[in-house]
Structures are given as C-alpha cells and as structure tokens.
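Both complexes below contain chain A, partnered by chain B and then by chain C.
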Partner chain A sequence: MFEARLTNGSILKKLLEALKDLVTDANIDCSEEGLSIQAMDSSHVSLCAVALRSDGFDHFRCDRNISLGFNSQNLGKILKCADNTDMITLKAEDSADNLTLMFESKNQDRISDFELKLMDIDADHLGIPDTEYKTTIRMPSNEFKRIITDLQVLGDTCTIAVTKEGVRFSVTGDLGTGNVLVRSTNGVDKEEEEAVVIDMEEPVELTFALRYLNFFTKATNLGPSVVISMSPDVPVVVEYPIEQIGHIKYYLAPKIDDADE
Partner chain B sequence: MGIKNLNKLLSEEAPECMKMTPLKALNGRKIAIDASMAIYQFLIAVRQGGEGNVHQQLTNEAGETTSHIQGMFSRTVRFLLEGIKPVYVFDGKPPTLKSGELLKRREKRAKAEAELKQAKEEGDLEKENQQNKRLVRAGTKENDDCKKLLRLMGCPVVEAPCEAEAQCAALCKEGKVYASATEDMDCLTFATPVLLRKMTFAKEAKAEIQVLEYAKAVKALNLTHDEFVDLCIMLGCDYCDSIGGVGPVTALKLIKEHKNIENVLKWIKREGKKLKVPDSWLPQEEKEKKEESEEEKEEEVDEKLKEVEEKEEEEVEKVEEKKEEVDAENKSEDANTTTTTSSSPAAAKAKAKTTGKVEINMSEPVYIGARRLFKEHEVLQDQTLNWKDCDGPGLTTFLVDECGFAPDRVASGIEKIKKAYKSNSKPQMRMDSFFTVKKAPNADQIAKKRQAEKDSKKKGGKKAKKSGSFSGRR
Partner chain C sequence: MSEATPTEPPSVGPTIGLSSFGKPVATRAEAVELFKVMTTGGEKPEEIFHSTHGDGLTFMSDVPESCLGGADVVLGIDEAGRGSVLGPMTYSAAYWPVSMQEEMEQKPFDDSKALTHEKRRKYFELIQDTPDCGYVVRVLHASEISRNMLRKVPYNLNDMSHDSAMEMIRNVQRQGVKLTKCIIDTVGIPENYKRKLDKAFEGQGIEFIVEKKADANYKCVSAASICAKVARDEITPSWVFPEEGFVPVNGKEWNSGYPSDPMCKVWMESNLIDKVFCYPDVIRFSWGPIKDRIEERGVPVVWEDEDEDNQQSSMSDFLGGSDGGKRKRQRLGGNKVQKGIERTELF
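Moving on to the complex of A and B:
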C-alpha cells in the first residue's frame, strides 16, 4: 500500500510540466524515503532525476518499494484537472495496475478522483555517483530561462564558460553570434533569491545543445533559483531545488571534440 | 537463412532480450551494417512502375541497374542525419560448409526462373513481379558500386574475409562499434553483443528498430555460449542440416538437458528415438563430397529475397537482360579468381591480422564444422574506422553523370551529409558514456511478472496439448 498527500498540490502539477516534454515514459519509484523518478530523453543525451522526500509530504505511507510506470503526457492531462490550490493524494496498491489521484479543493467543497492506468517500463537505470564539481553557479531561475531563450534565437549550440570574470554563455549561428556574461553579485545588497553566486575552483568551458537546456527551463516555476554545476568533460547538472521537499535535477551530456579525428 | 525460428524462440522464452526503440535512441552510435543484406533489399524494393505495370528497377541511361545505389545513398544520408555513424561490412568468400545451402538456393532460383517464364506467358503481372524479385542477385558490380559510393560519402567500408555477419559481430565485440545491423539472426550466434533488426525505415515516421541483446538472451535461456551455438545448429543454420522432427521447443529442451549435440546424439541412440539424424552428422562416415561451389557470389539470394519480399514498396523490374549481364559477370568471376571480392580479403590480410582460419575436415561430423564456424570465424581485427567528410564533386560525378540521378536531389543529399559531418565534428555525447547502467529498481518486479506470464502460458499450452508432446513415452 502506497499513499502520499501533498497540501501544496501545485508542486506535482509543475513537476509534470517540467518533465513531460523531455521524457515520454518514466517510473515513480516509491520507498520509505520518498518518491524518485529517473528517466532519459529518447536520444539518451539528457537525464532527469526527481527526488521528493517523504517528510515533505503531509502524509506518507509506503509499505513496500514499488515502481509506478506512467506515460508523462497522460499523467500531465490528469494533473491539469487539479486546481493550483488543490490538495493532491496519490494512492496505489502494492501490485496495482492503476494509480489513484485524488484532488480536494481548499475548503473541501469539491473532491475528485482519477485513476491512471500504469505500465511496465523496462528502461535503463543509470548509477550516478556523487561528484564534486569544479564550479557551481547559483542564479535566479528566471534569469537562466531568459538567457537560454535569447540564445536560442541565434543558434542551436551554446558554450558555457566559467572564469574569474563570471559565467559567459555564448552562441554562434548562421545569423551571427551572441554572448551573455553573468557576474557574481557578491557584496552587492540583494535578496538571496536574486543573487548570483559563483563558486569556482578552476575555470571550466563546456558546449551543449540549447534544445535540451530549453527543456530544462520548463522547471523554472518550481523554484526561484537554479544551481548549475560543471566539471570538464562530464555532464552539466542543472538543479532546481523544490522548497522543503526535494529537487529536480537535469543532467546533460556535453558536445565534445571527437578524440579519434 | 539465418537461424530457423530463433527469433520466435527468443520472443517466447527470452522476451527481455528484445526491445523496440525509436531510431533516435541510436544517436551518436557507431553501427556495423551488413552491406550485402542491404544491397539485396534495395535491389528488390527500389523499383518504379505503378499498378498494372511490370515493375522496373531503376537504371541509368546505359541500362545498368542503379536501385542499390539510390537506396544506399538515401539510407546512409538518413543515418548520418540521425547522428549514426555507419560502417558497411561486405561479404567475402562463403565458407565451404555453406555450399549445401547455396545449392538449395540455386535450385529455388531455377524454379523462380521457370515460374517467371510461365507468368510472362500467362500475362500474370502480379506473379511476374513477384518472380522477378526472386531473381534479383547482387554481383560484384553491385558491391563495387556501393563501395565506391560509400567511400565518396566518407563512410568506412570493411571487406570481411568470410561472412559479413561474423565480421560485424567481431567489430562489435572489439568495441569498435555499438551494434551490428542485419536481418540475419545468425549474427547473434556469432555473439554480437547487440543486434539491430528492421532498420529499413519503410515507414518514415514510425521508424522503430528491434534491438536484441546477446547477454540478456543467453541469460534468459540459461545457456552458456557453447550451448547457445549448439542450440542454433539444432534449430537449423546455413551450414548444415538439422535433426528431423526436432522443433525449437524440443531443441531448447534437449540442449538444456544434455548440454551439447554429442550428448543429444548419444541419448537419441540410447533411447532409440525415431528422429532423423542427417547422415552428415554421423562421425567418421564417408560422406559424399559436396560439390565445390563454383559460383562464389551466389549468396543468400532466394532466402534474403523471401524475407524482404513481404516488405514495402511498389515498383518493379526488368530482368532478363539484366540477369544475363550479371550471370555473364559471375561467370567471368568464376574463371578469374582475382576479382575484387575474393582478392580483397587477402590483400587486407596483409594489413590486419586475421584469426580463426577455418579448415573443413570432411571426415568429421558436419555440426562440428558448423560449430567451429560460429566460434572461430575468420574475421579481420584491429580495423581503423574513420568517418571523413564527403567528396562532393566526386559524388556528383558518380551519381549524376554516371548513374543519371537528378542533380538537385544529389545536391541536397550532399548538403545533408556536409551538415551531418559538421555537427559531428563536435559530437553530442550520450548519457551512458558517463554513467554506468545499473539494475532498475523495478527490475525484479518486471522479471517476476514475466515469469508469471510465461508459467501461465505454459500451463495453458500443456492443457491444450495433453499427449503427443515429444517428452511423452511412446
């Protein structure tokens, strides 16, 4: 038996918005610790990992570890039926073929429930080691979104370079070139959420497909800030912390000069 | 061709080794493609002429077939655009053990010829088209055309000393490529780690590819590699006959019980089972020397044909003159052993070291020879595979001037290759090149479910077939 209730149901709605363009099918893995989702896009270039801790829920019960395989478009459609202020409860039996979603409006005057057919998803699961990254950038999530949207006008590949100066996002395309330099706001009086904090051990420069970075910015509504971690020649991590409950992390493999050429 | 019923057996007994994936998921992968298989598919499928006509192969002004060139060109462009790096592997000399199989194919061919003649006389268009397709053959010229085209396109070409499937598997095992692509199931018997099938893109949008994983297959069948090879021989391969009256299910059961063919044969003898063991399987028996195949290139014809035939596409062919041409060519090839196909492996041998030279000893049971072919096939190792930029002017000369393709189509193709090459200079890495694949949290759940399904199916099957099963007492 699995049951989880979230007063702030909008988190789940936003989470699905953040997933559904990138990932077609995925598993919600439920355990005592909470819920997690790991899935890759169809090209296996990026990976998305969601973790929601059990203590972030208002009620959480999971007797046995289970995996609930869902189609993200379909789950998204059902979650669209919930209001932003609704309380959402997820329910599933141990060996169930359905996931029950219950939406309760704030003053309890409307209660709706939906059942989503589950599927068996037999996808590759990747082991992601805990790594220390050479640079970490914390910045407002909408600022990051704006940069990516702007750069996409010019081309499809973007270079992110972190130096002492700051973070430089550059793009080259048929139209021309573009650069956005973001400086650290250290010492300047600003709200924590609006600050740009750059933590750099050594300079890093990596190249990425903008298409995927754009998919990642769909998570902007989940939190005010985004944390970007990079090391040379490994995937970038774009993490959106979700207040008091967990995070959604996106990994994107870089474009690297071919070694054999 | 390939291994009889292996696909069906795997889908029933080891469904976890098979998966359908979209073409996209292969982005960035290097793939070894069985070129001969592809050429046959094109010769059969790429045709013109609508309903009510005799379908014609594409030809240039001089009347030479260009279907295979057209097909190879557009499919390779498609691969490159998807970020796939193809290596084409061409067949070398067929192993001596295959001569029996080749003989059978020749007979079928003769039959098809006769039927074609009949169809023509009767004016049965549909039948004529069908038989025309059965008569397709890829000679040295077709192979050379494709090699030339691929080199101009900047794709590496590997000329296998023997069977192309074995070479594909070897490249894959060495880690030079991610997977082998052929319809031929015996690639799996050669233990290619990953086999891709149905890479034909007949239907543009729904390009789903079947992925078979060797490791998962043997694990699910609970067999070792040696046992798996013996199982494939019992199912029926290209290299020798199989035991009469033993179907896939029985073959699997016998191999599981007795571990290898020798023990199975002993058991058959001991129990006095009435199974038809081919003469050639009996040890030390003087067997009639199978006539040496004089036609080196008589490859896979009818069987390949049959497989592809059901597939796609309109179109037809012209035939008789073309056929004569090819035949004439093959004859000259027979007379002259230093043709490209047969001599190139020898030349390549000087460069790369080869392994597993297979000698055929006629006095031993034929399945031992087949087993050796599967385990120590003659292949090239340490091949260097380079993907270069395409030779635009060269391609234009070849395709437009020599083959008579429309210049604008060729130009747009070249543009696409250039674009793909450019984006490949800084290739997109894949997630699994950084993080290792591990067991999914739901792996056990799914395995259990599958087992349950299998069991319930078996129960149902047994009920339906109370007696008459092979294991029943006589």
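Moving on to the complex of A and C:
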C-alpha cells in the first residue's frame, strides 16, 4: 500500500509541467524515503531526476517499494483538473494497475478522485555519476529563464563560460551574436533569493543545445532559485530546489567540439 | 529528402522561367502544335506530364503583330488549381492591344468556373484562333510547390503566385510588348499585391488593377482563366507517374483533386502505398490532409543528424549502468529499476 498526501498540491502540478515536454513515459519509484523519478528524453541528450522526500509530505506511507509507470502527458492532463490550492493525495495498492489521485479543495467542499491507468515500464536504472563540480552558480530562476528565452532568439547553441569575471552565456546565430554576463551579487542588500552566488574552483566553459535548456526552464515555477553545476566535459546539472521537500534536477550532455575528439 | 537543395525563388533575371518549352514560338501554328502536345501527349509526354526537378514549364504563344511596335497592350492574369491537393497549379496571362478592347468585349469569354468543360475547350480554341490575342501559361508542378513550401524557410503559395505573375509579365515585356495595363485576379489581399506590383514595375507606365473576381469582370482575365483551367485540365488526367512501378489504385479517379472531394478522398486513402515515401509526387506534400495521412500511415522517420547535431554528445555516454557507460543509445528494457535515488557509479 502506498499513500502520500501533499497539502500544497500545486507542487505536483508544476512538476508535471516541468516534465511532460521532455519525458514521455517514466516510473515514479516509491520507497520509505520518498518518491523519485528518473528519465531521459527520447533522444537521450538530457536526463531528468525528481526527488521528493517522504518527510516533505503531510502524510506518507509506503509498505513496500513499488514503481508506478506513467505517461507524462496523461498524468499532466489529470493534474490539470486540480486547483492550485487543492490538497492532493496519491494512492496505489502494492500490485495495482492504477494510480488514484484525490483532489480536495481548501475548505473541503469539493473532493474529486481520478484513476490513471499505469504502464509497465521496464526501465534500466540510470546510474547517475556522483561528480564533484568545479563550479556552481546559484541564481534567481526567473533570471535564468529570461536569459535562455532571450538567447534563443539568436541561435540554437549556447556557451556557458564561468570565469572570475562571472558567468557568460553566449550565442551565435544567423542573426548575429549575443552575450549575457551575470556577476556575483555584492553586498548584503539583496534577499538571498535574488542573489547570484558563483562558487568557482576553476574556470569552466561548456556548450549546450538551447532547446533543452529551454525545456528545463519549465521548472521555473517550482522555486525562486536555480543551481547550475558544471565541470569540464561532463553534463551540466540544472537543479531547481523545491522548498522543504526535494528537487528536480536536469542533466544535459554538452556539445563536443570536433577538434577535441 | 531531408535537406533537398533549396531552389532559389524565381529572381528577376532575364532568362527565368524559360525552360525547354518556355521559349516563345515563331508562329501561331507552332503554338497550337505545342499545346496539342499538351493535350494529346505528343512525342515526349514526360516533358510535360512529369514532375520536374527544377521549375515547371512556361508556354508562350507567338506575339501578335498588333501587340508590337509600341501599341498599348492590356494583359489579364488568373490561375487554376490553387486549392487542389494534387497536380499542378497553372497560371496564365492573356493579352491584346488596348485598341482592340471593344472588339474583344464581344467575345464570349467568361470566368472559367462558370463554363462547362466543353465550352472552355471551345473558347480556348477561339483564343488560339484570335490573331490579336497572345497568352502565356506557367505550370507550377505539385513537386515544385511541395519543394518550395517545405523548405526550411518556406516559400509560400501566395508568393509563388505573385512571382509567377511577375515572371509572366516580364516574359511578355521581353518580347517587345508595351504593357500599359495589367488586370489580376487577386491572390491574398489586393492592396498588398498591388503595392508589390507597383514597386516591382515602378516607372514602366503600367497601371495595375488587382481585384477579387476579376476573372468574371474583365475579358482579358476571363481569357487567362480559360487558358489556365484548360492547361490544368489537360495535364492532370494525362499525368505520367515518374515513380517506377507505381500503379495507382483507382487510376486517376481523383475528380477535381480538391481535398474535400469525395472521390479525391478515396484516391488519397487508397494510394498511400509506399510506407516511406507515401505518395507519388503528383501529390502536394505540403498540404495538411496529406501531411496528416503521412503522419498516420507512413512509418515514423527519425533524422539521426537532425539539427546538424553531430556535436551533441549523448547523456548515455556519461551514465554508469548495467552495461557500462559506453553505449551510444541506451534503450529501455533490461534490469528492473532499483528504488530510491542512488548515485553509485562513476564515469
């Protein structure tokens, strides 16, 4: 028996919004520790990992580990039926073919329940390597979204370079070129959420497909900050912490300069 | 098929649109002969009834004597087969001296849509037999239309129409005809079209009239609409499929060729034979109903190098997993998922 209740149901709504354009089918893996989802996009260029800790739920019970395979478009459609202020309860029997979703309005005057047919997704476990990153940037998530949106006007490929000067996002396209330099916030007059914090051990420069970075920014509503971690020649991690419960992390494989191969 | 070399839109150069059949012919008899090739197949039907790799053909009658020597000439333009899902779109211009206008008003030419097939053929012969009337027909094959509309930066049907009209006007001018008035049945918003023409022929003393229903209201546009419609009606049923071994189910029973036509629907349904290429190239692949059917019934196509992305590395290369991180593509299937989040394996 699995049962999990979240007063702030909008987190689940936003999570699906952040997933559904990138991932077609995936498993929700339920255990005592919480829920997790890991999946790659269809072209295997990016990976998405969601973790929601059990202590972040208002009620959480998971008698034995189960995997609930879902189609993200379909789960998204059902979650659209929940209001942002609704409390959401997820329920499944140990050998269930269905996931029950219950939406309760704030003052309990409307209770809806939906059943989503589950799928059997026999997925490989994706062994995400534990990497010490050479550089980490924390910045406001909407600021990051804006940069990605702006740069997309000019081209398909974005270079992210971290130096002691700051983080430079650059794009080159048919129209011309664009650069956005983001510097660390000085002083203490800014709220922590609005600050840009760059932690650099050594300079890193990587190139990525903007299309995917744009998919990642669909998670902007999940939290005020985004944390970008990079090391040479390995995938970037774009993490959106979700307050008090977990995170969604996106991994994106870099573009490799032919000369390096 | 993925990245066919895009053809340039017709430019304003001096030889544009004059493919093998595009040269003006010396005598009226020769023009009639040429058109007969079109109507009977002639010796080399594939040159007309085939799709082409480049642009379609331009047919021109000889230039009437009375239209030369500085006489003011009026020209009308109309098209046929625009909305059809298959076969060519034909564009035509008909012209005569302004001084003959009164006489021409007596001709029974009318909007080709208002005429029966037989009447149209008869009036087309009448046009051919009218020594003061010259005409041009530009054939835009389905393959040319598909290719243009499906380019990375699409060259749309309205622009093709506009450019074909300008190309025909220039072809007539190039024969030494002094055009003073051009009347065009509009494609798109008349004001915009007129502005485009005024700009392209600035300072050449041509008055442009661009209107809806010009094909019913002006004799020279009616004449052009007859030429265009007859050309399309001859080419489509005589089509020679260039696809080797392709034998259509239902022959060419596509009737009008319009996507809403029940007979055409049946044809589209029963002739999606090849799972990869789907249709022969008499079909306009850029049309919605065709795209839908291809999507639904053709095999899915994956372009491995889409977005010229051979520099994009794969996420799988960075993952540890059941059989190492060296796989180019990690496919679903295999080990059962372990629970929880684990970050165990290194690169």
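Rule of thumb we're sticking to: the second predicted complex is superposed on the first by the 257 of 261 C-alpha atoms of A that agree within 3 Å, B and C clash if a C-alpha of one lies under 4 Å from a C-alpha of the other, contacts with A are read in each partner's own complex, and residues count from 1 in each chain.
Criterion: a residue touches a chain if its C-beta (ideal position, glycine included) is under 8 Å from a C-beta of that chain, and two chains touch if they have at least 3 such contacts.
None of the values given here were measured: they were computed from a predicted structure.
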item	value
Combined model on chain A where chain B meets chain C, clash or fit	clash
First, second, both or neither for A:A209, with chain B first and chain C second	both
First, second, both or neither for A:V234, with chain B first and chain C second	both
Partner chain(s) touched by A:L47 [first = chain B, second = chain C, both, neither]	both
Which superposed partner A:T100 touches (first chain B, second chain C, both, neither)	neither
Contacts of A:E33 with chain B and chain C, given as first, second, both or neither	second
Partner chain(s) touched by A:T163 [first = chain B, second = chain C, both, neither]	neither
Partner chain(s) touched by A:T172 [first = chain B, second = chain C, both, neither]	neither
Touched partner set for A:P254, first chain B, second chain C, both or neither	both
First (chain B), second (chain C), both or neither touched by A:D130	second
Location of chain B clashes with chain C - one stretch out of 147-155, 201-209 or 237-245	201-209
Common interface residues of chain A - those touching chain B in one complex and chain C in the other	27, 29, 40, 44-47, 65, 67, 121-129, 207, 209, 234-235, 251, 253-258
Chain A contact footprint on chain C (complex, rising order)	307, 309-322, 325, 329-330, 332-347
Contacting residues of chain A [partner chain C, same complex]	27, 29-31, 33-34, 36, 38, 40, 44-47, 49, 51, 65, 67, 121-131, 156, 207, 209, 211, 234-235, 251-258
Complex interface listing, chain B residues touching chain A	16, 19, 22, 24-25, 27-28, 386-387, 424-443, 445-446, 449
Parts of chain A lying in touch with chain B, wherever the complex brings them together	27, 29, 40, 42-47, 65-67, 69, 120-129, 157, 207, 209, 234-235, 251, 253-258, 260-261
